[in-house]
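Chains: A, B, C and D, in written order; residue numbering restarts at 1 for each.
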Amino acid sequence: MGLRTAEEFRESLRDGRRVYIYGEPVEDVTTHPILKINTETAAGDFVLAHMEDPEIRDLFVVPHPETGEPMSRYFDPPKTSDDLEKRLRMIGTSIRVTGGLPFGKDIGTDAVNAIMTTAQQMGKPEYAERARNYLEHLRKNDLNLCGAITDVKGDRGKRPSQQEHPDYYLRVVDRNKDGIIVKGAKIHITGAAVANELLIVPTRQMREDEADYAVAFAVPANAPGITFICRPGRGERGPAEFPSARPVRGLVEAMIIFDNVFVPWERVFMCGEWEHSMLMAYTFATYHRFTAVSYKIPAVELLAGCAVAMAEMNGIERASHVRAKLVELAGYVETLKALATAAIKSPVMYGEIAVPSPLITNMAKLHFASHYHEMIKLVQDISGGIISTSPTYLDWMNEDLHGYLEHYLGGSPKYTTEERLRMIAQTHQTVASAESAHMEVVTVHGEGSMEAQRMMIYAESPLKEYRDFALAAAGIEARD
Amino acid sequence: MGLRTAEEFRESLRDGRRVYIYGEPVEDVTTHPILKINTETAAGDFVLAHMEDPEIRDLFVVPHPETGEPMSRYFDPPKTSDDLEKRLRMIGTSIRVTGGLPFGKDIGTDAVNAIMTTAQQMGKPEYAERARNYLEHLRKNDLNLCGAITDVKGDRGKRPSQQEHPDYYLRVVDRNKDGIIVKGAKIHITGAAVANELLIVPTRQMREDEADYAVAFAVPANAPGITFICRPGRGERGPAEFPSARPVRGLVEAMIIFDNVFVPWERVFMCGEWEHSMLMAYTFATYHRFTAVSYKIPAVELLAGCAVAMAEMNGIERASHVRAKLVELAGYVETLKALATAAIKSPVMYGEIAVPSPLITNMAKLHFASHYHEMIKLVQDISGGIISTSPTYLDWMNEDLHGYLEHYLGGSPKYTTEERLRMIAQTHQTVASAESAHMEVVTVHGEGSMEAQRMMIYAESPLKEYRDFALAAAGIEARD
Amino acid sequence: MGLRTAEEFRESLRDGRRVYIYGEPVEDVTTHPILKINTETAAGDFVLAHMEDPEIRDLFVVPHPETGEPMSRYFDPPKTSDDLEKRLRMIGTSIRVTGGLPFGKDIGTDAVNAIMTTAQQMGKPEYAERARNYLEHLRKNDLNLCGAITDVKGDRGKRPSQQEHPDYYLRVVDRNKDGIIVKGAKIHITGAAVANELLIVPTRQMREDEADYAVAFAVPANAPGITFICRPGRGERGPAEFPSARPVRGLVEAMIIFDNVFVPWERVFMCGEWEHSMLMAYTFATYHRFTAVSYKIPAVELLAGCAVAMAEMNGIERASHVRAKLVELAGYVETLKALATAAIKSPVMYGEIAVPSPLITNMAKLHFASHYHEMIKLVQDISGGIISTSPTYLDWMNEDLHGYLEHYLGGSPKYTTEERLRMIAQTHQTVASAESAHMEVVTVHGEGSMEAQRMMIYAESPLKEYRDFALAAAGIEARD
Amino acid sequence: MGLRTAEEFRESLRDGRRVYIYGEPVEDVTTHPILKINTETAAGDFVLAHMEDPEIRDLFVVPHPETGEPMSRYFDPPKTSDDLEKRLRMIGTSIRVTGGLPFGKDIGTDAVNAIMTTAQQMGKPEYAERARNYLEHLRKNDLNLCGAITDVKGDRGKRPSQQEHPDYYLRVVDRNKDGIIVKGAKIHITGAAVANELLIVPTRQMREDEADYAVAFAVPANAPGITFICRPGRGERGPAEFPSARPVRGLVEAMIIFDNVFVPWERVFMCGEWEHSMLMAYTFATYHRFTAVSYKIPAVELLAGCAVAMAEMNGIERASHVRAKLVELAGYVETLKALATAAIKSPVMYGEIAVPSPLITNMAKLHFASHYHEMIKLVQDISGGIISTSPTYLDWMNEDLHGYLEHYLGGSPKYTTEERLRMIAQTHQTVASAESAHMEVVTVHGEGSMEAQRMMIYAESPLKEYRDFALAAAGIEARD
């Protein structure tokens, strides 16, 4: 079947999936006022694969390693530093070109890669074979997929087996010769309602008595027993917003209920091997944080760009405190890029698959998450209160008010009042809106909390090497 | 007339004022779906003055110094540390009791106090007399008022007299025997559309050639030539929000256009005395930052409280990193309170009027503004991604979904699932919503930017005393 | 006997005490090249009590509550906010007047106050009586004393009873009708070798099986079995240092060995009451941190003063980044003062004795400790590399070099080259010397580590009040 | 002549140079108690070039590009990313192997590279030729050299031409057919007194009327008119320090006086071309900051290692707050390494010479300088007050005290008391000594202040690209 078109993708979503939003069932996610935004954002991936510009096409499309047929680069697991760099650029380019993040194959293949690397370690050839077959299935049908990891967790001070009821972590409730039955719920699953496939991996290390929770598998989004409960996000631009030729982009979060869902064995990638649950969660986390770094780079460039533009429009770009703040913003952005470069340059190889340096990847995620709010503050500071109090487009178009606004809301004469108001609206969207507040939370919790990164940095840092260097300087032999 | 009731206050707003929102004129600010929220929030002040609890009443109501009639404490300029402390408690109590900030008399009297202290320095007895008369007018009619300071400013790299056109700062365009005519616009004026009176002061120090910009005056909100262009804020709770017995509270920002507005001389408090513009702006700023400290204390207690409650509901309150974060939050809150205490204990006296220590007041404002985003991050971190992805009340009430949500969204067994969802909704509102993003901007820019506080700290700090101490330690005589 | 003179104090130290430094026994601590610096620094307290300036004298000397005889204010436990404020000023003044910190009675009475407040809670009247008698003994003989708290602790991951040997915490090894025998070591005891009396309190909460470690007592510094092992500190100014009329001041740290030391019952203030060990350690810590705040205020003023003076001498005091850094320094200093003010204004009363607010006192200590290194960095940054590379006084006095240095090491013409070199030397001493590095460690660990303050802030903060406020906002009843 | 031995290097320093320390002339820098430490530290470079280990030798020695004779790799200007990485490793290895930083050729060739790249831009072939010849001279004679850049600067608020006298910046005072005469002083010149050659470059951008200050040249260290005034550093280990098989290493700072020094034209690399002074200062700064990053990596690994070792010895390595602090330390170290990797991967080419990315190199220097004090604080915090109060080796060796110390100063049983004391002494040296305080200042000011890095980050960041991205998002065309 090969590369699908955006229209084929849309069509594939009309498959009887069970989706709710605002407490109402959704007939068609491609036309629902909110969910269509996510549909079109995800469709960007299929648009990019058909672009005529060869530079873009070659970034997004590669030949199938055996058949030579064109397929999405996402379905080609990275084998070298160069592959990792291409993946980084691919994600960045998709944002720059489509104006949104066509979330789906990126996080989906983070999970695929985690499954494939773990399968190699588990010593059960059937898992490796199923993973390969599943990848082939994705390639052949050019499927959009989502990786679902986070369980609802109940009381977070307790392990899965200690909870009030056994369902706070997704688990196997039955198994037979054809497959398994799973029950549970995954939460914070971005773009889930417009995926073709759901790929489920465990959220954490499981212990021996938690073997039923050590389960990984794939199902189509319309499998019986699956319900998506969506968090409302934004819809089309309203009349109070400045109109724009650029379409609105956005992603919708979902909670996915698995109400005794059947999964055939050929789609089961872990089932009870609790001692490998850690590796799968850990590898997924590393890949996924690298994906996050990839899409955060343009996101924080936009952030910094709002500050530069607003500084100019306010006429303060030469004030020394503003320059100092722009230097902080630039340092934040460029440190993220430099960490990405360094993570790519020192990958860890799992068999043939290249994992970006877990240490540096986690440092990069922690870098952008731990300083993000400070950067938001800098942009708000430079931009002025106007980003939160500026009149709407309806005021701008009102005859009685237009003259006042034109007269009074100018800034630097280098830009017109309307340009300034447009930039104010963009900056409001970026740092002072419901979406920007949501993005703060996503930055903190997406791809795992900052404590999760700190744990991995602790595990991956050469602390013993530092110690032995210090002991040697003191003339003491190292201990272990 | 004495103390008005809330109903009298509402009635007084139906006075023909010219208010726009979403590009549409507003017939009645007390019934408009958005503006009525602000009306009712402001009405809280009138409710408080009539409360039966003597402790509250005595905090909000004082006898008129001459007539002994009850009047609002706001209209009694502070003369002692104790008065300042009562004012601090009054603002805090109004938030705790009404659930909102009945913004109006507080910032309004910040401006009244600035006018009165400046009048004493200007050597023109008519100004002092007008200020006294105006205060009497406020007392007698128990008026809600707003202090308007921030001009639109145009190119912020240029002074008022260097701009593309002369109207970027409000100014006197004509004067005659009856009064003056003013033109310009004030921006970021919170709650302006529901004030009875507008009190205008200059936004900065003016120079000799900018004397027309050195103007301070009062006008009623329905004076001819005045237009309010309101930034939409939130309206009543929608069906997707968890219902509550507590009413929605909120304030609406406005830009106020002064299109050749006439002001009679008895309401003019500065007109051309550019050399005193600095003192007025500076004194207003100090009072106003103290008011801000007063209302921020409960605001940040709520912030910290969301973190404590969510930590318990998530079952992580004993995790060491969570305790460390709660200590940071508590330190932030309690440092703010301690700075308020210290500011009260060392006031500066202007004649009979006590100004809270300008140095410590500015430090307190800078404290809460510069660390606020970091605190938001901590609350988001502790609360979990759920505050941004949780299903809505409509999902909760849907029969097909209710059971799933009840089953899967529980946390610590100390609380019910519904309680957890309510607390999640509250925390969303506090740190992850359009309103919380707006509050970040307000925290940065309200009452002047952080650079403005740094300038005042520089001016007020005993840097020379430190220096002389160091010179003495080095055996060097001080220079000046 | 009443107030002693400095000479009487010196004489009292020639009492056969067993002191070592650099591995050598010290004959006379008042003449040893290093220890005499500490002797003279401590002697400052006795100088101050005899000053003619009535303002100073009244600060340092109060009448005995019963006899009316003059005695040191340190021996008058604070009963009001005003007493606490006087104590704060007394310590600050002693530094300003003598150029050093006459450490001894301050920390000593921190321990006395802890013993007295704990005695009230223990329900054994003999302890309260002994404490009163001991205080009377101190008053009558005007003794310099030191509070010793920190045990050597061994493996800090283990409790006293779990260690390799039982002596890592000081303990009672025997008791008889006359008194007790104690064994152990106390460490980091500043100024111990020049104290008349040692007052020992437990370093932490003890458990039931650690009752032998719950011991508090006083002994004279020359009691048999006591050895002081001193850490060398600085001696008199050497020829390479710029000479000065101001004497060198400094304190020497000691480790104190208790090798089966006998303590008579009348000097035992706790012996086995493990359930009160926490209170004693905790109360001592609060008092002691308040003492630390008192002496840190002039210390950080000097720090900031070096930055102001060096900025002027380098001619950069108007550079915007320098002003921003001076604002940071001033904010650091003035926040410390404001916290001290607030701690004084809300004391906790233990019977008649006023303890400064434990919450705010701990916040104040954490404030100065957690930001101290950042402030050091700012002073180093403003001062320039010259503070660490400047030629010595011997170069300055060398005929061949003097002309070069005079010509080349000038700065702003407002000061002479020699003045600049003196200020450089002072700043070197303050932020770039062995002593300043030591002070960094003292700032971190003196009066307990920052984690200790965080624990007390956690315990003392109104976290539950915040929570209940947030629960109420969400319409939820509080739980406990 | 080729590669010299350490002995040949020592011999070459007995050349009549004029060196002062403590106001006394130094006969022989190779035997003076303080300067010999620097001599031996620098001699490490010559030791390394003769090591038998081929891996080390190949890192430090390369064949002459024309003759094939072995020469120091420092004298081979980097042409590729790989060359830059080798240089980074060479500096790191020299520290790891010799225990000190053999400062000299590294900073010296930073200046050589700056001269060579600038010569290419100046359009005067004689400069390029002289630079090549000089490099050949260095190669042939295997000379240790020092780059001297920082002028004494006088009033830093004024430009060179505005100062009280014209000598605050080094300048040409005369020129004739043979060469030029220069006058002035360079300051903070590390290791200058043991260099063979001094290479002088301008400290900043000069203007047209400051052409005499735009001068770069080389002279031998014993040239007439040159005087070194050295800041005393540390000498051999004293008896109070724990003995060690590892020699003491250290560098001595000098102020260099140029009292009408003659420089022949073949050693003049800039003379009046003020418009190129900026490029030379800027390029030197970039190279030099990269050198600094190279030597800081092992320095901060040692820092972190002290914390890890002390945590283990104190038995607190599993405490959660300690782990959090170790993560911070590791993040600091590894971010520095990652930035170095990224700087290497994106060099800027000046003709054939590769300059590490100026943006990332400056970010890396700012990273280590701006967080260094915070890291020192963490190490002090983890290590405990004992690093500043521990008894000396003389106490340890004293028979009366040894048993006490052995008994009481143990920590975790994994290490002996003596090991713990040695590690304490090492940590004291690293974070709590005169040397560590000096290193704080060096970290702030060495290779230019943090403001200098911020200026270069501002200049090198793609701020306009960010802006254009934001403008495009807002639908606005970019302006320039």
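As a working rule, contacts are C-beta pairs under 8 Å (C-beta built on N, C-alpha and C of every residue); 3 or more make two chains touch, one makes a residue touch a chain.
Owing to the predicted nature of the structure, the values given are computational and were not obtained by experimental measurement.
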item: Steps in the shortest chain-to-chain touch route ending at chain D and beginning at chain B; value: 1
item: Remotest chain, chain B as reference, centres from CA atoms; value: D
item: Whole-Å gap separating chain A and chain B, where each centre is the average of the chain's CA atoms; value: 38
item: Euclidean distance of C-alpha centroids - chain B vs chain C, Å; value: 42
item: Residues of chain B whose C-beta touches two or more other chains; value: 321, 324
item: Complex contact set, residues of chain B against chain C; value: 96, 99, 242, 244-246, 298, 301-302, 304-309, 312, 323-324, 326-327, 329-331, 333-335, 337-339, 341-343, 345-346, 359-360, 363, 366-367, 414-415, 419, 422-423, 425-427, 430, 454, 457-458, 461-471, 473-476, 479
item: Chain D contact footprint on chain C (complex, rising order); value: 20, 22-24, 150, 152, 154-158, 164-165, 167-168, 184-185, 187-188, 227, 229, 231-232, 240, 253, 255, 257, 259, 314-319, 321, 372-374, 376-377, 380-381, 384-398, 400-401, 404-405, 407-413, 431-434, 436-438, 440-442, 444-446, 449-451
item: Chain D-facing residues of chain B, complex; value: 320-321, 324
